[in-house]
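Chain IDs A, B, C and D follow the sequence of writing; residue 1 opens each chain.
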Amino acid sequence: MLDFTVKENIQLNQTYFLIKLTPKNGEILTDMEPGQFVEVLVENSPRTFLRRPISVNFVEKDKNLLWLLVQAIGDGTRKMSQYVEGDVVNLLVPLGKGFTISGDAGKKSLLVGGGVGTAPLLYLGYLLKRQGQAPIFLLGARSKSDLTLLNEFEKYGEVFCTTEDGSFGEKGYVTNHSRLNRKDFSMIYTCGPKPMMQAVAKYAKQNKIACEVSLENMMGCGIGTCLCCVEKTSDGHICVCTEGPVFNIEKLTWAI
Amino acid sequence: MLDFTVKENIQLNQTYFLIKLTPKNGEILTDMEPGQFVEVLVENSPRTFLRRPISVNFVEKDKNLLWLLVQAIGDGTRKMSQYVEGDVVNLLVPLGKGFTISGDAGKKSLLVGGGVGTAPLLYLGYLLKRQGQAPIFLLGARSKSDLTLLNEFEKYGEVFCTTEDGSFGEKGYVTNHSRLNRKDFSMIYTCGPKPMMQAVAKYAKQNKIACEVSLENMMGCGIGTCLCCVEKTSDGHICVCTEGPVFNIEKLTWAI
Amino acid sequence: MGNLKINISNLQLKNPVMTASGTFGYGTEFCDYMDLSKLGGIFVKGTTLHPRQGNDYPRMAETPSGMLNAVGLQNKGVDYFISNIYPNIKDFDTNMIVNVSGSTIEDYVECAARLADLDKIPGIELNISCPNVKEGGMAFGTSACSAGDVTKAVRKVFGKTLIVKLSPNVTDITEIAKAVEAEGADAVSLINTLLGMAIDIRNQKPVLSTVTGGLSGPCVKPIALRMVWQTYNAVKIPVIGMGGISSWEDAIEFILAGSSAIQIGTYNFIDPTISEKVVDGIDNYLKENKIDSIKDLVGALKID
Amino acid sequence: MGNLKINISNLQLKNPVMTASGTFGYGTEFCDYMDLSKLGGIFVKGTTLHPRQGNDYPRMAETPSGMLNAVGLQNKGVDYFISNIYPNIKDFDTNMIVNVSGSTIEDYVECAARLADLDKIPGIELNISCPNVKEGGMAFGTSACSAGDVTKAVRKVFGKTLIVKLSPNVTDITEIAKAVEAEGADAVSLINTLLGMAIDIRNQKPVLSTVTGGLSGPCVKPIALRMVWQTYNAVKIPVIGMGGISSWEDAIEFILAGSSAIQIGTYNFIDPTISEKVVDGIDNYLKENKIDSIKDLVGALKID
């Protein structure tokens, strides 16, 4: 549990906000895995009782900054979207198990994100690139304005996009993108709406590509004690907050 | 029910704040009696469920400004103390029955206030002066710094003070002030901590001076429906929020 | 807004939104803030045969997302109501329902009988669930037997719509609901307040003069909703749901759980216009979801 | 902090602050956040004779100042606990109490008997009040008779401190408390969760897979406090109070109402260090009010 100070809160579109935080008392950020998350204590929000889970979007080591990409959809995230420089925010960090990164520079990884589910893929892409890989991003959204941080993604790999309304990239869903026809991936990582992730998982399975998904089950505690966030897996009900949020699709019981 | 915009919030001492509000959409403030109050909807304060009653401190007709003098003692008033210019605040206004003002310019009124209970006396003094009276203020507090808005009071009458620690005016309680020895008042108005008001009421009774007190019973609704704010009177339990908060001491069943 | 009409037995409501007894005075207190004719009905203050002074101050404590009250049915009695209040409210363009309380069955009966003569009072709500009075009150509401008895007795003298208001302070609310249904209640309303308590740790005393009091407000909503759903599945008469409603979304939840109509209580204190907003919100929801009539929503909860 | 010591029957607590079953895992989950040895005790997860998968997802809904859960006692069973978990927690410098659940009296007895052999488990808490399991669970806790029966049976096989955890979903909690006291319980703990419900109005379905679930958090505090006070006045054995405690002030309220010790549940999720803060807060309160021992505060509520 650590207090952070808001350094910057950048509005990216109507509902997306990039919040950059640094530990209040100058503590050095611990190492985080891509796909791990934080639990935000949202103060001054009468309808927000529990903490809110938000993925690690990026870690700027040199500046000791943690980035969160937040979509304001309810009272809690709306309150976060109003953070201003200097606000103090209490976080549990880092939580959960992130994406697995292989040290093999020859791997070809595809990172598929939908909507705010693109959040954890930025830091993942950065780390993959640092391992020598050339990750490929495939990002989907309803419309052009929902595709944010593209210039950041481009720093770490090639970026392909789809929009449902065709306003940017290919029209349609990520799973319809022409780049998928090549099937030249050795690993797929995905985060986004469940139907999207299931479609991606199906593609991966059909093409025998290893695939990890990041689940967003509703959480009570984020630290493995309430047993509310469970996912049915081959090992029975297990906690998404401690055993996940990232899972290999082999472990899940999705009917795909 | 009306939305107001905060025009100014002036910190007067460690816990007292003078908040100046104007109707958000330019509505002209309705006439208010001194001693009436408003019910403030305190938003973004998870521990403040009910509205909070606050006295009308002053009405600046020409600027269409309503003044509230707020002492931050709990979550609700603390949140009010953080209002900044431009904040929008929802009020029920004006509520209750205020002090009675006689048209007789020859009357000599004493206005006794303790702590934040001085709040309603400012507007009362102003109106008395406008009637041609020369009201006398007797204001008490723990210490000098708790005596606020003195320059405002001085505009409308002579001001006497007591502090418990002797840091300003006479040392002791208002009821010990030497000015009371003259007993030359035809009317006493008082607002402040209950023990103080009871002592003032006693003085008034002993000296056969008419006296009105402003009660601060805890309120649920402020508009006469919950029946939670009742005071035992000669007419039985009656609502402080609609029949008061100002009462003639004759009506109360105080053992004084 | 034709599609908001719904009946509670013989009582015709222009919409399912009503205000709860003890939280809306006689309606008059709210005229400044809203248009009373927009409401399906108003449940006026708890009325007893004889005048009652109520409990001593303090009668209130604020709690997380709610409040405790210990008013204790302060009112001037049914005769005063009939001669002094009824004339002022009888022409309101909505249903004025009187909430009736008593310490004995005879009290309930006598009070109901006098109200039965009032043309513009289409129904009464028997409060057998008030936790704030020593005798009677909640005691009637916590046993199926006595709840049935009082319903039966009042039914004999009251021909118009008879609603019985149930206490949540019971192991099984459906038992009580079934008992009053069997004795002729036209509808049940629920929930009344939950018995609670608060302590002032500075003086180590209870906050309320009566030690315990009734809890209401958003904090009780999950409990109320569960009881409405249980009751809806147990009886055939209409259920009027309440407990913590603070938005139109809450109202829809109660309707889906089986409420033919809903009452808004404590939240009137926070927003005196809330009931109007809830009417509009429900209307919108129906339109957006292309639901023809509110009736189609009552108890429409989908359970896999 | 010597003045914070208090006993629950034979159980010696260094202070009255404990954590509630199902909200603090096995303690291990909180090591990163606080010093477990500062606690009077830890009530570990609900444990059953046989492993349980618990209910389907979703198991949670947020509510005003609280939450609903429908975990349904997911756990790997008592044998797994004994061989895989006990070794890791047995040396914690605090009291590790196991919360025991079952569907039949035999289950409770067998589970308790196996735990009786564990040196470092000084007591168990019988959960006869879980609203989230179909068979048994709450059913035991809502009738004085069955509550007494299960207590009696377990008492025979369990000689250490036996705490029985009561359900708030009853008309009169003191009846149940008296029944378990009569059958040899060393203490009662209360309250477990209140049965509640939430509906998603977008898909018109219950939020929880089980439709209803258990309500906890600050919203229930007034109800819990009232029940603690009623129970304290009805039985002679110690009362362990809980329900919505989120600050040291809340804890003091529960102690004044008659709790010899308290448990903190849901609020651990919001502030994993809350229990530590409550210990310090109580300590300060005693000092500031010049109270020699926490024992002097238990049930010290002043009623005029």
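Basically, a residue touches a chain if its C-beta (ideal position, glycine included) is under 8 Å from a C-beta of that chain, and two chains touch if they have at least 3 such contacts.
Fair warning: this is a prediction, and the values are worked out from it, not measured in the lab.
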{"item": "Chain hops separating chain D from chain C, counting only touching neighbours", "value": "1"}
{"item": "Relative to chain C, chain with the most remote C-alpha centre", "value": "A"}
{"item": "Separation of chain B from chain D, taking each centre as the mean of its C-alpha atoms, in whole Å", "value": "47"}
{"item": "Between chain B and chain A, distance of the C-alpha-averaged centres to the nearest whole Å", "value": "54"}
{"item": "Distance from the mean Cα position of chain D to that of chain A, given in whole angstrom", "value": "36"}
{"item": "Shared interface positions of chain B, touching two or more other chains", "value": "46"}
{"item": "Multi-chain contact sites of chain C, meaning residues that touch two or more partners", "value": "63-66, 217-218"}
{"item": "Category of the chain touch graph - line, ring, star, complete, other", "value": "ring"}
{"item": "Chains that touch, pairwise", "value": "A-B, A-D, B-C, C-D"}
{"item": "Parts of chain D lying in touch with chain A, wherever the complex brings them together", "value": "22-25, 29-30, 33, 53-54, 56-60, 62-67, 69, 71, 74, 217-218, 268-273"}
{"item": "Complex contact set, residues of chain C against chain D", "value": "61, 63-66, 68, 142, 169-171, 194-199, 201, 203-206, 211-212, 215, 217-223, 225-226, 229, 244, 246, 249, 252-253, 256-257, 285, 300-304"}
{"item": "Chain D-touching residues of chain A, taken from the complex the two chains share", "value": "1, 41, 47-51, 92, 217-232, 236-237"}
{"item": "Residue ranges of chain B in contact with chain A within the complex", "value": "43-46"}
